[in-house]
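Each of the next two complexes has chain A plus one other chain: chain B in the first, chain C in the second.
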Partner chain A sequence: MPAVFIKNTIRRTVFTLIAVTIALAVIIPVAYFVSISFASIYEAYQFPARIFPSLSYNAKFIYNASDDNFSLHIEKNGIYESVKTDSDSKSFRTYLLNQLNVNMEEEHIRNLMSEAKTSNEIDLKLKKDIFRNYKIFFILADGSIAALVNSLQAAAWTIVISLLLGGTAGYTLARMNFRFKETLNLSLLVVRMFPVVAISLPMVIYIMKMNVYDTPFSLALVYSVPNIALTAWITSSIFKGINVELEEASMVFGAGRIKTFQRITVPLAFPALVASSLYAFLAAWNDSIVALIMTNENPTLALVVYRTVGSSSISNIPAAGAIILLIPSLVFTFIIKNYINQLWGNVQI
Partner chain B sequence: MLNRKNLNMENRSAYFLLFPVIIFYAVFWLRPVYSAVLEAFADASGGFSIANYSRLLMQSDIRNAFINTLVFTAGSMVIQFFLSIGIALFLNKKFKFSNILLFITLIPMAFPPAAVGILWKSGFYRLGWMNSLLFKLHLVDASNLIDWMSFKGLNAVFFLTLVDTWTVLPSIVIIILAGLQNLNKEFEEAGWVFGAKRFQTIKDIVLPIIRPTIVTAMILRLISAIQVWLIAVMIYGYNTVPFLVERIAYNIDVITFAEFAKKDAYALSVIVVVIVMTAAYFYIRISNRSKNQEVR
Partner chain C sequence: MAYLELEKLKKTYPNGFTALKGIDLKIDKGEFVVLLGPSGCGKTTTLRMIAGLEKVTEGEIILDNKKINDLQPKDRNVSMIFQSYAVWPHMTVYENIAYPLKLRKYSRKEIKDTVDRVAGICEIEGNLNRYPGQLSGGQKQRVAVARAIAIQSKLFLMDEPLSNLDAKLRVSVRTFLKQIHLEHNSTTIFVTHDQAEAMALADRIVVMNKGNIEQIGDVTDVYHDCESLFVANFMGTPPANFQEAEVICEDENLYAIADEFRLKLDGPSKDTIKGNYIGKKIIVAIRPENVKLNGDHPFAKARIEIVEPQGFHTILGFRVCNTIWKLLRMDDKQLEKGENVALSADPLKVMFFDKETGKRIR
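Entry: the complex of A and B
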């Protein structure tokens, strides 16, 4: 009996250990990453880095009578460390804002100074402006908002093109018989896997001739190449699942093919259309190589995030940009995650 | 009951509906690919030549890019093969919190490559989170931190393999998990009835049945592993770890106006197309075969 008990305990322990390891392998990097996106420059240079973001600093404001100036001390592992000594309230404000992400009015600082003069030392809790890195990424970094708009436009065009062309192809494949059906199916599968990088190089020349160089629309033309095929595949399997008799009934009652399509088929296929749109969005949103090749002064957000890394030696503001890039991806990926296993797992040609 | 006239009618309206798609692909897929191939095999005067490729092979960076891409692809496929099967089998069991664990496991799949690059870059700094973590676990001294970004050559490729595995593993796991969930439980039970141990059941019954699923997942991995570039450039910068597509980006982004930059980019992109299309060919063959088996 004890032997069985011990065996079970060991099994359960190993099982739990594996589960915890898998979870931690994801959670720890993500937690550090999120924490860095909220870190001030001062914090970014601290070692070891924090796994959870801080909301405030424990600080002391001390008056040095001998030099007639003030020094700011910040707590680090229980010890207060002087980080800034000055007599000017303005330079304190700049330091607090730029290095510590603390937004404190100059007047407040002057009050602190006079208070420190009388009592020599004040204990403070400096509250961080938590989203400062995000504000910097958008407001101070040049062109981030324009890049965000470009990304959204490219995604919107990709969705429109993919739904219109891919949707009709999917409907045709599901509902009609024609001679080159197999060939079309096969080519759509090939296109889905085709490396778009090879299209974007020559496309630069074509879109220059079309006068749409450096526009989100031109990016969407390339993103649409695999996405039309994907949409066709998703929608055709859905259209196949919609009962033809429903459509026939509608036509018996005098609705034309187009009206039937509008009133019956599209509403039933709606979830699939949403899923395909989200796929198209993600393809445009996550891409960087096509945007790198095909844009000049109008980059997409992913490209801007990629470029912020090269120009900085710490990664707090790039991380904030990356989190902004991540949020829509995260939401949409989890909406369509049930499609992913059908997507490639059981392919039908 | 199809009569000839009916089929003709349907043929015609099908072609009518498909016309825009076909035009789109002719203009924005076939034509660019055609001109890419033309560019790749043309010399300065426009005649056919393989000079572009012999010039590519002369460059040591490009040769390294081939080797690195090969090592990266093979390495990440091997690691991800074992890990994804293991994790999928593990997650396939129903236990307390298994849904939450599945949710957590899938998170990295949603990361755009640029976000992955920054996540790991912030870990690879000397004072970054990887050293912080090791320090907190008492695995390194504060005086003796690991300089992750100083790694070069195949060591760097190895780290990129791990970064890539972290990112893409969920997308393989989810495909294999779907295969496992579609698996008829009776096959497994039959194995147990005949006295097979759990490991044996998995090895001799479960894995052979879901083999097509695993193979297709791995081929899809191969296709995207060959096109790796962004994480390499974001973590190590250009030139440290050359890859095939990294070289394309380098030619376009950095040495834009060099004499052969464009030509090299074209020639490399055609190589990428050939590799990917070969993989796609095997993908199609395998999925066809498994479909035929199902029919039988």
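Entry: the complex of A and C
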């Protein structure tokens, strides 16, 4: 009895430890990343970094009679430390805005100064402009709205091209028998092995000849190369899972081949098509290397974030850019979540 | 002129395998014909060729005085019940039944009336708004039947529709299919490898083997009057007992003998055997229920080795010339293992086959 108890306890402990480790390994970096994207420069330099972003600071505004100037103190672990001493309201405003992400009118600061002169010390609650990093990102990253549109276009084209070609290939591989089918299956995998950069470099020449250089469509052409193979793989396994008798029944009962494909095959393969479109979307959305090679005037959002990272010394603004990049992916995944769940094994065919 | 006619129908697959070696079959209107045979005998291929799901290599299919060889499946106006039911999982039961009607451009009201009518016949009125995933096997089968009878088709094709059901359900659905056939008087071709199904349902049975038709006939013909060794072996549980024996002539009487086996030949085929087979080997076949214990003119003596009570009847096993013979008894007289008995048979119920060709000697 004790032996079994000990065994169970050990098993449970180990399982819990593994679960907690995985959760921490996933959650902590994400939480840190989200938090840092809302942090001001002052906060970003603090150690340890906050898990949850702050909304305001507790502060004191003190008049130093001896030097006839004012100093701003901010609470840190219960102690107020001086962060800025000056007599000029304009320099206070600049400091608040750039270092603390607090947007305070100069007039308000002047009022505080005169108030501090009479009462010597004022308790303050400085309200943070929580989305300031995001606003700055859009200011810093010039043309990021246009880049967002480019990204969306490139992703849409990638989905269309991969689904049309990959889906057809998948159907053919699942339903038709021909010589060298196994070879073709394997060669699809080889296409997937190519680094996209290796494809995009020679492709640039063709793209230029086709006069589509620096367009989202040209990017989509490159992104589609590995994705067609992947889509063919995913869809062919799903098409194989659809009983041929379902299609045959449709044909016997009065539908032609095309109608059968529309009304029976595609609806049944829909989860696989949606999952493939997610892969295509992510490949197009997250890429910056190909975009670096293939675009000039019309970068994608991922490329813009990549450039911003390079031009920034502290991580809060690039983090904001990364979060902006993440949102459309999340939205897209959320829209198709039912079908993704079906692909995890709930599909009934 | 028959309603459906298959003429020298042949099917060779691209890999060179010949599934059907040129069969001829005529089916009248309103007939229930069962294609029966072991797997790989070409029965399903035949059915799929009639439906248009397989291309015809050679020969002709004539339905209602019209050659339909090269018609698309959708233009043949046949309905089919599949082994896997083939009800579409992404449509409700109602949509499943309505789909062929929509394709035939029925009006909305006609579709609703038809679906309600056939759902009533198949007793699935309560499930019309459910998806096939929520139904049991038997219910799915009923949906498949409802879909098939909803359209006014020329031909009813059934490809082993009962094989995915459990044993008990199989019998009840079998009765249901027979009822449907009797009510609609539809021309039906039913494919199965189960002889019990075939005998229960068929007006005529077509026994097939290796791409050929072995015998066409009603249940009595196919069971009691087999055309070939294959049919005698395939039909019946347990199948007929076989003994290879040499024909000899003694005192104007013919005997088939082999070791301890010695059967006096009689019956209508006696003259043919006398003319052609004296000194040659033939194969004697006797159905288990035709073997009698301790009757007149026994053909062998044997000891009971196996007793298999089946409730309604009992199967006894004997060893004759190193093969197990089976005997089927209805009476409830208890027989013990090890008992010595003499075996005999009614000469009219013994079948003889040519050893070389496997054909019946008549």
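By our rule, the second predicted complex is superposed on the first by the 249 of 349 C-alpha atoms of A that agree within 3 Å, B and C clash if a C-alpha of one lies under 4 Å from a C-alpha of the other, contacts with A are read in each partner's own complex, and residues count from 1 in each chain.
Keep in mind that, in the parts below, a contact is a pair of C-beta atoms (placed from the backbone, for glycine too) under 8 Å apart; a residue touches a chain by one contact, two chains touch by 3 or more.
Everything numeric in this text was worked out from a predicted model, so none of it was measured.
The partner that reaches more residues of chain A, of the two candidates chain B and chain C, is B.
Of the two partner chains placed by the overlay, only chain C lies in contact with A:Glu248; chain B stays clear of it. Once the two complexes are laid over each other on the shared chain, residue contacts for A:Gly256 go to chain C alone; chain B is not touched. In the superposition on chain A, contact of A:Ala169 is made with chain B only, not with chain C.
Once chain A of one complex is fitted onto chain A of the other, the partner contacts of A:Pro271 are absent, as it touches neither chain B nor chain C.
Shared-chain residue A:Lys337: touches chain B; no touch with chain C. Common to the chain B and chain C contact sets on chain A are residues 348-349. On the chain C side of its complex with chain A, the touching residues are 51-53, 72-74, 76, 78-80, 82-84, 86-90, 99-100, 103-104, 133, 147, 151, 157. Residues 243, 245-246, 248-256, 259, 263-264, 267-268, 348-349 of chain A touch chain C in their complex. Of all residues in chain B, those touching chain A in their complex are 2, 7, 10-11, 13-15, 17-18, 20-21, 24-25, 28-29, 31-33, 35-36, 39, 87, 90, 95, 97, 101, 103-115, 117-123, 125, 127-129, 131-133, 135-136, 142, 166, 171, 174-175, 177-179, 182, 213, 216-217, 220, 223, 226-227, 229-230, 233-234, 237, 245, 248-249, 252-253, 262, 265-266, 269-270, 272-273, 276-277, 279-280, 283-284, 287-288, 291.
Here chain A touches chain B in the complex through residues 15, 18-19, 22-23, 25-30, 32-33, 35-36, 45-49, 51, 161, 164-166, 168-169, 171-172, 176-179, 184, 186-187, 189-191, 193-195, 197-199, 201-203, 205-206, 221-222, 224-225, 228, 232, 285-286, 288-289, 292-293, 302-303, 305-306, 309-310, 314-315, 318-319, 321-323, 325-326, 329-330, 332-334, 337, 340-342, 344-349, going by the rule given at the top.
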